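Same chain, two partners: chain A is paired with chain B first, then with chain C.
After this line comes the complex of A and B, so read on.
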């Protein structure tokens, strides 16, 4: 549905007026650890298979219903052992992984080495068509289970994965990858119960995991109810009775519901309310740095954006955007103008390098106009920036970016916004390669490594390389960096790759985003992790 | 149901009760002179020998209506507003300098000031300029949609009413079907698949869902008019269908259509704003009040002026057209005299 955001809003408002309690915040008061909180959400793009979820809304749920070998510390983002008792390697290429004893899935089944190996094999197999298959790309045998460019699949399982015993399995990579263990907290690496394979449809309608919450019910377009799993074996058990994730197609509505007491937690404060949020919520407003960068990606499958000179047009567009002004006026400084393609939460040592983008990210209308003219002008004389209208106040900044470009080029119609109604629809259109101009691309890191800001997004055919940008030099540098065991050297090589990205302007960096959230006075101990996702299991409800 | 062709014998028909509650149109006063050719009889109404009027001029429905309207303050007021709107639509730059698409983020949400009496919106666009330019879109869509609906609806309805029979039944059922489609829902479904940036899809949609209303009015009105003696006379004298329709029936059946269309014009303007507000009507960079209201609504707490001015302009415009329609109805409906 193209841009019909307010329609649903109106329908929901009417429903609220009729049945005021229907949107109430859980309702069951009293019991402290049994109380349920409600939180704003959007429908995930795909059914919740761990290896098929590469967007934020589905990832939020996976974080609640799964625990993987590693878990990222909710405060520092550091990868810590969760189900992994130990991960051993002597050469950064062969790993022996031991799974902790005593873990089960919420249906009682034991979590074993096989749970992981089966899950990973499923994710890597071409016939299952999983979006995150690429994450298994370094495991030996991936070229047989997931051949590129229409080749025939010759194996169903990865030859690099071997179950040794109930709690041990080995992983053989096709090349050195020193930070491989740190990536294992990503939900794509989650273990799966046998029920996933034997009763797949049943599992999809009600996923079974091993996390602190279990899915109780899900009505698409309305709500997903998650309840505390009482027998959860981990040490991060839920401190509340559960979470109702309510679908909103407009974050303004969610915010209004929060103020009205119909919702407990909003993890996306609308830009239009940033001026008021401190007044409205006081210290119940969170604004913390997060590993999120917003960019504009380009459809490199469209020859208009992939011909000689179009890198100049892209750089010109980048220079036509007044990031300083937009972050200040539209976002009230809850965003910081981007000067590279990573995020400040990585820290200098982790690979964040302020100013790496250089001139190419500096606002200079005259230079912008010149560059675009040199590059042959805007394709078709106009760029349309496609975005989803239901989350993140994207309309406001897209309009502002367009106005900035229009003012720089002295043409009122050089740039227009092109809204898509919902995030899921927007992702599908991107997946179907239907973009004809720049489109919004935000990246919320999966794990706090510079590799995660570059490889999944810009490596040839990577899982989230939405624009299909491809550059041999970049790919080689990334491979080289991954093989490097010395962290400082690896980071340096990644930054060289980033410079390649800059020189071709594979995507325009816009700004680093803070996580922002507001919550009702029923809640306490609310935190956002470095991924800007609320740490649901620690929230206390009174 | 009216009898279909062939024509009834002269002097038999006449006093049927008007159907559909349509406003009975009288006029073309004067007695019939069977000795002369029918055309002459009906075109040249006899001047004054009946001695009822104080003047020599014949009085028609239209001249009566015009005399009424001139004395109606509602008509004068709404007429002035509409004249102003039309003027602004044709030459917006006369009262608003600068481009409505020129926005300076540094001025976002600022209030009234020199050069921007209505202040700036959330993107730093001049609200005054945008409100002025928005009139053009609204008036264009309203007028064109009304013209389309009136033409399409009255032609279809008029033919169905005149010929009757199976075509009349079929058309009546089709209008029933169209009446059953909720306008906003229909707009969300149909217009959401349109990618065009122009006003035409919106106008086309309004014509598509608006014509049955006019079609019903026109049908009823034609059925009433065709029972009149002078039509029967014309038919007896061998006038062709087209001559009867165009010369005798249309002028006498058009008044209700005009009244309904004028009132509908206001609602079409409101509908365009509604659809644009919902994101399926006009699309930026087209300047429309609906789009501006939608964009400004999240900022209502910090910059209410950006919401209130286009809303006010929209309300005033719709009100003016509805008041005009009201005045025209009062003037054309003899029952209200």
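After this line comes the complex of A and C, so read on.
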């Protein structure tokens, strides 16, 4: 077809212009450092500002064009120094951060302590509508720049941030938080160039960062072309010429394009294709653990779910779910039955403890039935599992979970699914505390720390504690762990808190989610990081 | 004629207001859109309140509607949640969908009417039965099946086309999607033309024309076809609106970033501004297309006059 040949010539011309390689032949081995790969993408939901991006699609771009103080190792998930030369503290509350010398943004501007402080102040300021503002909530002065109760903003900058000199700044937290430095790899903490503040609209239409790639062109809603930044000062420079991110409305189309050789990388294999993917792609299919856990949360604001004996009912429900079978038949092993409330990507040292849930997560229909009866039976004789029906094929697994519960209890009507039309409506019903029974809760980690799997979700009134579970013992243990300077001890204390969560069954852990991806035979060395985002800079194109 | 057009234009006003109001209310009923912006977690209340204020969601619905309509008349369709003005979204989406619609309409006219004429003139012959059977199949198979099937065969198995359309969406790339989009309507156009031709073939004026000794080609094109096209024109006219708004399925299959894509995303994200804006323009297109169809009647059939 005409359009196709044109595109091919254009691609060749671009490749020739970049590294003067011949077209059509294709490299034989090792990879061609000038070749560009194409990858599937979704239209980011929010403007592409670091402190305003809270979903994977926008995060993908930030991961390519920004480097922060820390970087999470794509394999182990460990936080390693990137722009930080050193982060020092003596009391887990006051930190002195030194920025490495020699880093610049892709427009030549130097990355200094001010680049960080300005960016963080921008993110924390209420008037900028940044959806990740709460990340700066631990820093002193946040209550002034971002009053939670809807009061008036009385300061534009965080009083806890001070620039000492060109390369040093200090951070004062409002409470002890020993693992704070490890959170600094999250994109919200990225430095920003002055252009972001002086020409905001211009920056948004073509973002400038300090990562291994620079944005070449950006057609909102359809495509973003990123090219290798040749002068990138870091040690993780891109091993390919660039990445073209193409927006797909339907991941099935992206998959078809991959099969037809029209696309190089798909990082979201559609559920319907999981059965064929091994046949279609062979070993060019990845299925690796990601920092995502799916749970069922309960409305603790509803008396029926928060009376004596309710914990037995909840544990009973947990034991009535045959996780093994559901992950195998519905998810084709792209999910793993959960046995704790964290994720395997944390590793043993990071706080993942296989089997921490113990019996409470083992499938045992007889025991389940007994526990629910002891706990006073199901409230109203029936549980309704609420979920949003618009994305993520949630209906299938909710129906399967209900089936499993119904079979265990020997009652066809013990459990039914309760679909909500759109995700936004689902979220707003949760926000208005309108849930009458268990509901779908998923958590994708912000940074690979056990703290991130527990505190935001189960601490009293925490930002994502949708079920409003509250337990003093749990809260005390989390506080204690945060104040602990020794990491191993902190992790141990967090695990004790997790045991409290288990004994009360504050939420039913279902399964750990894997990241999946498929790629064309042009690519090699394709990996997914613990956030289920492809590690673009390491991909080799032949 | 002029007065008729003015009367029709005036009639559009209540239709326009009613349609936009309905859409506005429907999107509003779906609930609070801000809640969906923060992923699987609660938006922090201060930011949520701030956003609500910025998008005017803190006011009562009737006031929101009035402000919105006021802005629309000054050409301001609001801002989508990703910070892009809706007019910018329209400027990228409509040209694509218009190209797609043009291709679909051309297919309908060229193939549909030709097949209709051929079968209408040869009623009961094998050609007629064959085409009838094919149209029956096309009508009964849903668009997404035809779309996916063609995509798989032409795009993956035989490699004739790319399975998806690039962001430029040129006419060449849109031929297959256009054919898929047109398929069902095409079948209807064929059947309508066929019936109409077959009926008029036996009418007096055709017999007169033949008796006058006019060549067969002239009888068919000038007399028979012109009079038989009235129902077909009505159908195609109303189909323009349906094709533009109803391209969601086709656009999704072939990854075309047109109106359907924006509407789908707007609905999923409960973005009132996008949905109402696009639907408003679609309503206008529909109304204007209908008016043009009515005016075309007078051109096709001299007996119809508008005072």
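Keep in mind that, in the parts below, the second predicted complex is superposed on the first by the 322 of 542 C-alpha atoms of A that agree within 3 Å, B and C clash if a C-alpha of one lies under 4 Å from a C-alpha of the other, contacts with A are read in each partner's own complex, and residues count from 1 in each chain.
What we mean here is this: contacts are C-beta pairs under 8 Å (C-beta built on N, C-alpha and C of every residue); 3 or more make two chains touch, one makes a residue touch a chain.
This one's a predicted model, so the numbers in the text were calculated from it and none came from an experiment.
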- Task: Return first, second, both or neither, reflecting whether A:322 touches chain B, chain C, both chains, or no partner chain.
- Result: first
- Message: Tell me the contact category for A:131 with respect to chain B and chain C: first, second, both or neither.
- Response: second
- Message: Just to be sure I read the superposition right, which of the two partners does A:444 touch: chain B = first, chain C = second, or both, or neither?
- Response: second
- Of the two partners chain B and chain C, indicate the one touching more residues belonging to chain A. C
- Message: For A:455 in the superposed arrangement: first (chain B), second (chain C), both or neither?
- Response: neither
- First (chain B), second (chain C), both or neither: which does A:145 touch? neither
- Task: Based on the superposed arrangement, let me know which partner A:529 touches: chain B (first), chain C (second), both, or neither?
- Result: neither
- Touch check for A:406: first (chain B), second (chain C), both, or neither? first
- Message: With both complexes overlaid on chain A, does A:273 touch chain B (first), chain C (second), both or neither?
- Response: first
- Query: Which chain A residues lie in the overlap of the chain B contact set and the chain C contact set?
  - Reply: 1-4, 7, 421
- Query: Once bound in the complex, which stretches of chain C touch chain A?
  - Reply: 30-47, 49-51, 54, 81-84, 88-89, 92, 151-152, 155-156, 159-164, 166-168, 170, 172-173, 251-255, 257, 261-262, 264-265, 267-270
- So in the complex, which bits of chain A are touching chain B? 1-7, 10, 252, 270-273, 275-276, 322, 325-326, 329-330, 389, 395-396, 399-400, 403-404, 406-407, 412-413, 416-417, 419, 421
- chain C-facing residues of chain A, complex: 1-4, 7, 43-47, 54-55, 126-127, 129-131, 133-134, 146-150, 204, 219-223, 246-250, 253-254, 256-257, 259-260, 262-263, 390-391, 421-431, 441-444, 456, 463-464, 466
- Touching chain A in the complex: which residues of chain B? 99, 101-106, 108, 122-125, 184, 188, 192-193, 195, 197, 277-280, 283-285, 294-295, 298-299, 301-302
